[in-house]
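Each in structure tokens, the structures are laid out below.
Shared between the two complexes below is subunit A, which pairs with subunit B and subunit C, respectively.
Let's turn to the complex of A and B:
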């Protein structure tokens, strides 16, 4: 009877779903080191590339060396006879025609065939094989003979819709109907403006360049497929694999134990994963397929390049009157997103706006979501535009931004659960010493010019269901947290363990967090879009609260006092009011009999009529050497409103990492395609594609926060931080370069060569 | 064609018959089963595979296994004594000098080399020493802090360190 009561109560566990954010947390909010730190510093963390399964084979992929070609003939005979080779798959096999589904956030696109004889990007998969050793696999690849018919290629978005250009798909080169947004009256807005500015901005294609390349290990047990991949999205990959292989979803298990960085590039099914599964099925042996660095540069995702034309007007008092933002983005050879303009419509309070995003195909590897996708490119243009307007009316750029901070979401009019953008700008400027730094300039004879710049940012986040989390408590006071959130390096596991510790009052060391695994963890949203904390912290808290409620029920029965008079502290049952002997959980006979208590949690629905967004402002100080064109970022300061900071260590690390990625975006990172001849990427390696090293980043970096005490966003009061940290950095640097030199650099990255050319052009113009 | 090698890895001699082209990093990962040494680029650009050879940091993707014949190699797995992590490993953990952890073993081994000849490096010296190791996650700030943390610990006598824990 009692059991029935408990379970009926559990079904209506509304208490756990309607928790208020903690007012005085003892674990959450503390700078605690990672719960999986030991594994990561000791070398014992097993990334998918580290798996060594009995009888395992190693696979490698033959890729098209041309940006656009037809495979006329493929001869695999010599490769088949090469030592150690066990299986080959190519377009000659029925599996070669398998179609890989697009992830849910890309609603449609031309079919992606596993081995398409019409190769649309350099690195497109032509065939693959599995051999006993990786060396044998690569030896055999060289024996494959392919006859290509090279086609003329299309490399630039600006050319894609012109007549006479190669067509990538029979539907043409346009990805989707251009997305247009409009509010107010643009002509009226421009008419009301005291100043108008017009400018075209460009961003370069940036590669995620995670230190771990993409890897898949596949093993079949009968009709049951298990795949180990580093991924942010085990359930997305499971669903796509099952659909492609026409298997029941339950026959595919995807495990993501450790992820060596992702930033968006490991969140959808990749061809190499399917290839590993096919070769494993053919050979009935486990297969590992690890991409090389070059492969990961060519065909594992990127931030698409954008060309953005802006026109904006403002009054002398600093209020924005109108903004027109037209963006053209190149998604690569298959459908994805390359938007930027639409973001700008939600940034500032501006009554008259028109934005248009047009996306086209080019002969290059497909884009994937990349940290602050769209928002980072949009900010490069908009945040420089804001500076130009401020400059033109002689207003301080911080003051100009403060003038235009929106009260509600400018597109929908919906209020935010919290918005501290104003405070971020003010506190950041104060701590940076903005006003003083703005005035101080290097003497004119010094070739090294100093300048400071600012940019602000916003990232809309979304929590809510569907997601299921289970917390299991054992009589010895230890607990297991079962959730589908992979930890791609952000610290999700640590933060969620802290939520369990907060709620159950047990030490962090006694909480074990399961790896994301569709075979053992329940359905959960993928970790992306800065929503891991938004989705999982409320779910984990609800599950832990469910455990606590059940535990106190048991204790109440045994101690013969109402559950409401009992609480859980340091892993013991203690009376709330009058002093009494704490009771160890192991002394609770009912608990010992049950062996464990399992609590189930879901994230409550999103608040109605409210939007949730993180905000921030970043400040940069640069030195520009006008003799060499070199730019050094010597100081970065971030002030962010991400809601509650769950763990200052992980939060700060997200911001530092985001800002350093922004330095790369602003100054060095660029996919270079050989325009005139081959159309191939000429810098598909870490020597020629420059990402910042420890020497390229400022010693002086500071991360400040504003906690809005947001009680509406969710039961953790947190809004997420992963994406936003990289969004404003590059334009803040560009604005600082303008402050230092008086030169507006519109094209990212600001290489020394570009800087020198612009300096030379100015000298000549004078 | 294979060659016999005898490489002492973390104090244990490992004999094997290897292809002359076999990279040390593949020997360590495939033959010795020590997967803490990661592969990021196989072209000596990222430093994820950094190990110590006769005490000095080398990128094991640019050393052939046959070149390591007769040498002493230390990988990240060889730093701890039993359950007691090396102070550099503790430093990376305590200071949050990591996110995804993939570059971490290489960073730790490279820091080991640095602290072996400079017990109290400045920020600039740390950044110079780690210049060949790429991290895409952390922005390097806390990695520098981790090396300083380790330098502080290593300058104290071992007994004092144990007491402090």
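Let's turn to the complex of A and C:
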């Protein structure tokens, strides 16, 4: 009884911002299936590609087939006369000179013209048209005559700053001033080291390969533009569209109902969306523009390739003394990030560090944020380097990592709200059977060698304002959740509905979650940086708490009892002293008269002087066939500190999904450009660009968690989990390959061919 | 023009008179077209019942050209077909196996066509029919190069004939790709191995695909192994010179050097599996 009183007191507190994390949640933390699972798997969910509007036209884009060329002449006459064609836009139109703004996280770069006559990547947009059917649109594209002057191309970061190379922009090939970070005294650190290692690592350009390609449907009603796009960031796209089209922000509405995978590549305004809007304006008809698979490989984003030179030193006792990390990354033809080195400065407690990131342009599709951008590449190098050091001093790699777990953020000195990295390593190693697996080695005659490897990871997330969420409760006990977070497939809608259910005590089935829509949902941060739960769970909770406060006030008036003596359970008002006499909401006359109660919530500000980060350790077991170079991942185990696990099913999906991507990054995924002649991408299809299939993923996959009971990070006690799961997988696999074969593979992906060549080189060297 | 005849006579008639292309499961046909439309009339043969099914005759098996990989997998066949079945299981995913046909795989004649090595190892013959009549051609002769066959434009591949010579021989198919499935072979090997009462190799056929413009039998190696005891460590007898007749190329999937190495390893591995 006492306890109920206390909690009802806290619940009726007017200050919804200062909620403590739940102590005994009944909905949050349960493995509940997705609220939109049925819609997604049955096909009844309407993705933008499914949308059919009356009189809708279909658009297609003419793209430059060369990696670097000037459009000398463009003749659209024949295309214009082709059956069904309704409008064409190209560099000949004033709209062709429109400049697409960079997303907020890219500080600056050369102007991105909608149709630039100087084409800097294969697939660059040259013109576009809309026709009655998609087939007519594609047929008409073929009638467009373009005269290109081909320019010599630049494909590799290593060549970008050499004299005599083609210049992509008149500012040169350097994206921004190299970013350098330094702490301590590097020379002194290397001097103190008992062992030193030096190595160069390379990662390949990886494509997001979302199942759903990029799509936009645009419709004008007078001067009002509505755009349906699968996006993580409705407000980012709204702002960019309004700026580009010189419209009031309120004249642009962006709707993101369902997203068929994103991983970062659907978080900014893309040219195709603007093109759909322009063609719709020209024709005064709705226009759909869906990119093909090939287009999405060429120009819808990627994880940029990196060349990373590392030097590191450690003492015999396993403490890191110095780390030098120099990265050269190729962003593609326009500015984004291709950093990697800076991440390493925050990973381990190492007193002497120097990192440098240099980013350059090349003639290829532009990079975009990609699940753990920079961090995944950085980990490929750093986590292997840590293994090399451990190997050199004869220390177990888990123990070596434990030695260097930082107490505070190594770069800023700020403490974390919680950090369970140590426990992740220990619990993970124990469950994996690490010590035993480390010593068991296959007999030397067997061509199949087994090995195990580990890598750890960290991901900083920022929650906090600005974001506004509205929860509406109806007298029948049902509720609507109105928020701008698009569910990119991660389960955001499910988790937020669970928060409402937890707070209001109503069943999940009675909660409807609105789609992200700038026309109906309030401003909210985009889904990115793994922060959806951190931003939205506290906001939704605050909004629900606001509803509850108002509801209990109404009930208090009607039942003539103070609000603190009332609580909300199973959708009913329960007097704390007479729990046997609950009252249905529909019996509250005042509520019925008001028709609904709307509660508003914002995420409270971030805790001051504290950092919020998630941590994890992953363990991999591989089999390497030294005759063919084939590598099989036979076991993966992850142990993560993600704060409170809001829903074990969605949490596990994030980690498993991340690990599957990590397998691809480690073993098969790679954009291949034709170096010798054309400079074009030769595997812009799912046949030759290989993401892991079900059979490439080990059956034996496990995800363990450690809940730090973080009361400081936010009122949900949860940290981010969307990206971190993919960060350590690839280096854990590479470390396992080393353990199996004694060969350090520095270049991702570890194709069977590369593996075999390295094995052969070693045989020759012996 | 799109035609869908229901009898073989109508089908060959249509081919003769319309200079048409044949469409079976379409799993090679449409990807090859990309976004283009077919430039000639199309004869869809999927309604021609005479082209379907597998039958057993006194001296041969007859596999109808329209037999899909899923149908082949479901059929009761002796062990010498195990290699072909393994290949069928690795052709694309289940959806592709439900549509893709034996004739389509052979007529498309990709160097990486998975059914070709197992069928070469079975000494298969293809049956071609036109309004002019019927002829049989050994598969080894039928495919003349990368995507080139002896089929005349007016002919249909109606069946694959497999002689009943090595029915109870063991057979193995191994394929190497960049991932576990849904993958175009970097190299593949099929072996059919029959032994006599003393467990000596009586008849051995070894075929390698994806390592030359068309899949090849390794005749010298076959001769070299014939008569030897089928025992453990048979693989140790296979030397790099035994795969010298292959002429792999560099492409996006693998380098020539890797293909040669892989072919050698696969031959050894397959031999070991057949012999043990």
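To be clear about the criterion, the second predicted complex is superposed on the first by the 749 of 766 C-alpha atoms of A that agree within 3 Å, B and C clash if a C-alpha of one lies under 4 Å from a C-alpha of the other, contacts with A are read in each partner's own complex, and residues count from 1 in each chain.
In the analysis below, a contact is a pair of C-beta atoms (placed from the backbone, for glycine too) under 8 Å apart; a residue touches a chain by one contact, two chains touch by 3 or more.
Worth saying up front: this structure is predicted, and the values here are computed from it rather than measured.
In the superposed model, A:687 makes contact with both subunit B and subunit C. Subunit A is touched at more residues by one of its partners, and among subunit B and subunit C that partner is B.
Judged by the touch definition given at the top, the superposed model places A:668 against subunit C, while subunit B stays out of reach. Contacts of A:659 after superposition on the shared chain: subunit B is touched, whereas subunit C is not. Touch criterion not met for A:646: it reaches neither subunit B nor subunit C. Residue contacts after overlaying the shared chain place A:490 against subunit B, while subunit C stays out of touching range.
In the superposition on chain A, no contact is made by A:140 with either subunit B or subunit C.
In the superposition on chain A, A:695 makes contact with both subunit B and subunit C. In the superposition on chain A, A:756 contacts subunit C only, with no contact to subunit B. In the superposed model, A:627 makes contact with subunit C only, not with subunit B.
In the superposition on chain A, the residues of subunit A contacting both subunit B and subunit C are 687, 692-693, 695.
Considering their complex, residues 138, 627-630, 667-668, 672, 682-683, 687-688, 690, 692-693, 695-696, 751-753, 756-757 of subunit A touch subunit C.
Put simply, subunit C touches subunit A in their complex at residues 35, 176, 178-184, 186, 252-255, 258, 261-262, 265-266, 268-269.
Chain contact summary for the complex, subunit A toward subunit B: residues 33-34, 36-47, 49-50, 52, 133-135, 208-213, 258-263, 290, 292-293, 488-491, 649-650, 652-653, 656-661, 685-687, 691-695, 697, 699, 701. Subunit B meets subunit A in the complex at residues 19, 21-22, 26, 29-30, 33-43, 45-46, 48, 75-77, 80, 85, 89-90, 92-94, 96, 98-105, 108, 123-124, 126-128, 130-144.
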